[in-house]
Amino acid sequence: MIKIEAVIRPEMASSIGELLEEAGVGGYYMTNVTGKGNQKGVEVLTGRGTSAITRAAIPKTLITTVVSDELKDKVVNILISGAKSGEGSIGDGKIFISKIEEAVRIRTNEKGKKAL
Amino acid sequence: MIKIEAVIRPEMASSIGELLEEAGVGGYYMTNVTGKGNQKGVEVLTGRGTSAITRAAIPKTLITTVVSDELKDKVVNILISGAKSGEGSIGDGKIFISKIEEAVRIRTNEKGKKAL
Amino acid sequence: MIKIEAVIRPEMASSIGELLEEAGVGGYYMTNVTGKGNQKGVEVLTGRGTSAITRAAIPKTLITTVVSDELKDKVVNILISGAKSGEGSIGDGKIFISKIEEAVRIRTNEKGKKAL
Amino acid sequence: MPEFDSGGMAWMMVASALVLLMTPGLAFFYGGLVRAKNVVSTMMYSFAAMALMPVIWVLWGYSLAFGEGNAFIGDFSYVLLNGINMTSTDPAADIMFVIFQGMFAIITPALITGAFVERFKFSTYLIFITLWVTLVYAPICHWVWGGGWISQGVFGDQGALDFAGGTVVHLNAGAAALVAAWMVGKRRGGAAGTIVAHNVPYVILGASLLWFGWFGFNAGSELAADGVAANAFLTTNTAAAMAALTWLVISGLHTGKMSAVGAATGAVAGLVAITPACGWVDVGGALMIGLTVSIVCYLSAMAMEKSGIDDALVVFGVHGVGGAWGALMTGVFAAEAIGGVKGLIEGNGAIVLEQLVGILATFAYSAVVTFIILKILDVIPGLGLQEIEETELGGLDVNIHGERGYIADGAD
Amino acid sequence: MPEFDSGGMAWMMVASALVLLMTPGLAFFYGGLVRAKNVVSTMMYSFAAMALMPVIWVLWGYSLAFGEGNAFIGDFSYVLLNGINMTSTDPAADIMFVIFQGMFAIITPALITGAFVERFKFSTYLIFITLWVTLVYAPICHWVWGGGWISQGVFGDQGALDFAGGTVVHLNAGAAALVAAWMVGKRRGGAAGTIVAHNVPYVILGASLLWFGWFGFNAGSELAADGVAANAFLTTNTAAAMAALTWLVISGLHTGKMSAVGAATGAVAGLVAITPACGWVDVGGALMIGLTVSIVCYLSAMAMEKSGIDDALVVFGVHGVGGAWGALMTGVFAAEAIGGVKGLIEGNGAIVLEQLVGILATFAYSAVVTFIILKILDVIPGLGLQEIEETELGGLDVNIHGERGYIADGAD
Amino acid sequence: MPEFDSGGMAWMMVASALVLLMTPGLAFFYGGLVRAKNVVSTMMYSFAAMALMPVIWVLWGYSLAFGEGNAFIGDFSYVLLNGINMTSTDPAADIMFVIFQGMFAIITPALITGAFVERFKFSTYLIFITLWVTLVYAPICHWVWGGGWISQGVFGDQGALDFAGGTVVHLNAGAAALVAAWMVGKRRGGAAGTIVAHNVPYVILGASLLWFGWFGFNAGSELAADGVAANAFLTTNTAAAMAALTWLVISGLHTGKMSAVGAATGAVAGLVAITPACGWVDVGGALMIGLTVSIVCYLSAMAMEKSGIDDALVVFGVHGVGGAWGALMTGVFAAEAIGGVKGLIEGNGAIVLEQLVGILATFAYSAVVTFIILKILDVIPGLGLQEIEETELGGLDVNIHGERGYIADGAD
């Protein structure tokens, strides 16, 4: 089992959710985070609207899904195409994949793939 | 060391926290997320209370704790029993376990198990 | 590639962000969480200001960055020194490190280290 | 019924608007104190009172409260405000009085809701306040202000003093709250002592709007823009401040923290206690009432926490106890120079007895009839008092109103 | 122009302050209904109207609306309030009238903004409302209240009845909203039917402040603190409550949930519909108007959702349709005992025709001129109506105003 | 002291209620501008002034400000409002005047708090405002409104003009703010230039409530519902709008974004500057004052950011500089047709000198005595000015008040 985490633009969150479901993932969850990468920040005003500064904290949404190894490529491709804004512009986000040792469904005590 | 992450119902969060402590974990942290799984969403109203739709985003709480390998079963069992709502109903949540390579306590620079 | 996650005090978040950047990480994201560890909670009032209780939920900020293995020590050291409050007091936080199998930059489809 | 000159009319329209605003104020005061998952529900208990009470008031409520009737209740002569219009001899006066009094009939049931927030079934609630305003509020209003038995005096000619509704509104609501909290049952999933306010700024906003609106409530009850109204205004402001300060200090000494929720609660307690007194006492009396009510209500709030009755937002502790205390202190501090009636301090012990009669009668009637109403609603199939556990744990907002209080971009 | 005694003056100052407060009320009502990323932007459409309209009003707006002029528009005789000051024969009266009417000129353009929130270019918006208040609002205001053709009557001497602005303010804003929503285009990234209110307490706060302020709007329109004002106050409160209750019940029956947003919307719909009627109908008429307008507007809100025009916050559905309905019902329920004019029910069908003329003329003029203004602004280089996609998706708050509505400690 | 008719009394009660509401307005204005961890603390500085000042006012504050005394301070003749009650010859008038003036004594110390939010020790603060209102506010109030030396004129018979408190309230608070910000020291952990408002809707709500309440503040200062009051109302609204618009445009041109916080600040600056002028200038003067004050305050806000003094919410920049500017412009734009006094433009240069005397005397006295008070509080063991670092970094809300502003379900 693997965990796929993607940092995406917040406005993409709900459509990505739908795409993941179509791809057959068992579930997912989303977290609001703020991030910084090549997109160095956003210009905001401080004081009384008297000066503009660049703030590092850009709102992003982290979407996390745990899937069986076979689904990996499908899900990654869906995330790549679904999360791209237009032609792709700085700040579209990243995907990180890691191993999950065990999964449990609390309701039924099912473990492993059946729990996803 | 392993990381145990559980997606649970928000109303279970504080009692689960207490149970974890009793189980002897060194610490934990909680994050508010929204999730979707077999529980397909909640019915909410749009417009001016004029139509009902199903929204995917169900509030859940993610609880994360890093523990030594020995504690794994104890913690998982506690989470399973503590997070079940009544007889267990759809949406009770899931537990995911992964490996942690290293842990550090910032205050003391302690590493490994001692840092948990 | 490794993922470095640090639970820190919220007031340290923005300065830590700057330090990470100086250390050369490709990016990071931050999440507001609440945590409990040796710092057993904060005293808050309930009722109508009529009694004081200890609440487990202490606001913390989780900072996550995925870096190449070589950056590990540098980043950990920066986090340790940057997140310490004064001489170091209970609740300064912890760092957890785990393996990342794959990383993808959504905008360009780049994979691996180039994606960080 | 008074005749209004242009200035009096101006004041009464404003006072009425101010009293209307108290109910949204209450919505925020109560709404800030509950958990986030019940903020919409808590506010809706108040907002629904704004939607329902004015309709009942013009249909039959006013008539039952102020129709001539007998010593205990009015009659149906003014149903749909029959005869109260522009062609009656003193049209303005009557219409204005209907309006002003109607605002009191909104806030009183709304006050009760703090006792059973986070669990009372909303559909039953709508029926409950309809019955309650008809069977509890209208009669008591008639007793005190509609020419009924309390206003006529029991031991002498001078009936119990209640300038702006300490018994009619606050003690009445407090008694009903106690009974309702007990009958609806405790909140599930969250011991009373562990729940903290989810939005303190809302509590401050709500308390401030209540304070602001209370000037209309108290000084408006003079039904004229004159010196007595000014005195009521001053004593109201003074008692509110003194009580807020007292609660803040007590809470600081007792818990080590200077609670904002405590200061806001103190202000409300002071406003409650000065309500019956504001036109009868001077500024010294107001300071004493403000000081003492916070001590009394602080203790009663602590007692309620241990009582086993889940009066969630301490309505009995603040409005019930505070209302009774204020009514009693009105008898103690009444000054002849202000309202023409002497109090205990000026040697008139009899008035304290009248006050006690008013307090006991209001409490007893309100508690008993509220009990009967709730008992009946509890057993009627399809109604019932408490939401089912799943609804309550998941939150009333999403389950009953199909809405969440707050939704962030992205993950939400 | 009226002469005010001290009580009348007191009331008109308060009424003016209350109407001013309606615009922040609207800011919260609308601001709560949009997504979090556009809350500042949505509120700023309203707040900017508070900043811009009073300046225009004293410069030329009042003069165009109330200068003698002809049957269709005023003139420039009162530019910069020339001649209206402390040395004119009736200084107070004139200044007070300028103030009160000026508050209407703030809220009317602000009402329109609900149609195009989350996408209309802010710099263009500032120019739009400048032109709109000059070319649409001032003339219609002149027709109805400035001695223009509608006030003179078309079929008889009695012109269309509009006590407090059902056509001038609400129908007018609703018509402009329909045109603007269509011309600006749909919101990108979020089908209309999936967006939910991001902050329901703000919606309740906003609706409550609107309700509170509306007493100034309606009862203030009598320009005196008298019986007619009291009647307007009572009918306003009654219709608002009845409509809120009706919407709540319909929404409960139709969707299975008792929507707080729905109750708030119902209150606003009731307030809109009673606006033209409040000084002409009695409390029975107010109940009927409140009941019917919620049914009509609920249906029109549903229809708008399917219409393909993204009238984001249903301004046409509530203010346009509700305003027209209220104007019509004014003709139906007008009671001679209240305002001296009979309505359809009392056998005077002619007044309904006058009302229809007022409705159609206002709708047509407002829609056409709004269309022309927006068309011109759309083609001027550097202006344009809709923000670019990137700005819209990322949110107008941060991109246009350099601010985010809410920032938490830590990660934010 | 004035005598009030029924209309005047109605207006003064409303005006007093409106001024009271300004303090919660300020709580939200300031509360929105700080970081989330200090929202309760920031609001409590204001709310505590509501709790403490009315008590001090009736005990000794009113007496020191309005007791006969000498040219510099009143006396103790009115302690506990001795002799001011229903049996005095003109009871209503006096009580009403006490009330209205008492509201000014709440908001003035609350205004200062913006300078030292997020760090000033709360227990010391309660002592500070007690001393400050006694030793700074009461004397200056006496100078200008209590028959003291400034009101008597220095160069001629006509003393400095201050219709509603430009110097007494705003410049006074601004001067104290400057000294306090400097003496308390800078906020730790967060360079001034990087902190952004945590809740912009609160800022808009606060500014709107201030604007709304300011009608009572300014038009109420006429102490009658007459033409001068109407003029004050109109100039207040006009200047607020013009200044909001100006700040919005400047901020847009300078930073490229149209700041909502800026527009709200502009409105407040306009309200500050028109305060001394509102009863002396016409609408043209109001436009000029609104336009110029935003330019002046925008520059001073920018200067303060670079000054090294952490006047956190720019109280000196807006209330100090804006108050002084308004006082000066009152001398420039005063129109004989409005208030009977000519200004510089009408050829009366002397009045500008009187204004300057008022400005300098107020500034100097306020700054020096505030300094002395804070110095003493700083060295008294157990008091001190700034919270310890740990408290400040973790947030004053949880550490001092035992409360967090916002708590979400679940993780929180």
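We just call them A, B, C, D, E and F in the order they show up, numbering each chain from 1.
Here is the rule we use: a residue touches a chain if its C-beta (ideal position, glycine included) is under 8 Å from a C-beta of that chain, and two chains touch if they have at least 3 such contacts.
Fair warning: this is a prediction, and the values are worked out from it, not measured in the lab.
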| item | value |
| --- | --- |
| Interface composition of copies chain A and chain B: same or different, split at half | different |
| Rotation in the CA alignment of chain D with chain E, degrees, nearest 5 | 120 |
| Interface with more contacting C-beta pairs, comparing B-E to C-F | B-E |
| Intercentroid distance (Cα basis), chain C paired with chain A, Å | 18 |
| Chain A and chain E, separation of their C-alpha mean positions in angstrom | 43 |
| Distance from the mean Cα position of chain F to that of chain B, given in whole angstrom | 50 |
| Shared interface positions of chain F, touching two or more other chains | 5-8, 10-11, 14, 37, 194, 196, 248, 255-257, 259-261, 263, 401-404, 408-409, 411-412 |
| Sites on chain A at which at least two other chains make contact | 10-11, 14, 30-34, 43-45, 49, 52, 57, 59-60, 62, 89, 98-99 |
| Chain-level touch network, classified as line, ring, star, complete or other | complete |
| Interfacial residue positions of chain C with respect to chain E in the complex | 10-11, 13, 30-32, 59-62 |
| Partner chain A, residues of chain C touching it in the complex | 3, 14, 17-18, 21, 26-31, 64, 66, 98-109, 115 |
| Contact footprint of chain D on chain F as seen in their complex | 5-11, 13-14, 16-17, 20-21, 23-24, 27-28, 31, 39-40, 43-44, 47-48, 50-55, 58, 80-81, 85-87, 91-92, 95-96, 98-99, 102, 122-123, 202, 397, 400-409 |
| Chain A-facing residues of chain D, complex | 408-412 |
| Of all residues in chain B, those that touch chain A in their complex | 2, 6-8, 31-38, 56-57, 60, 62, 76, 79-80, 83-84, 88-99 |
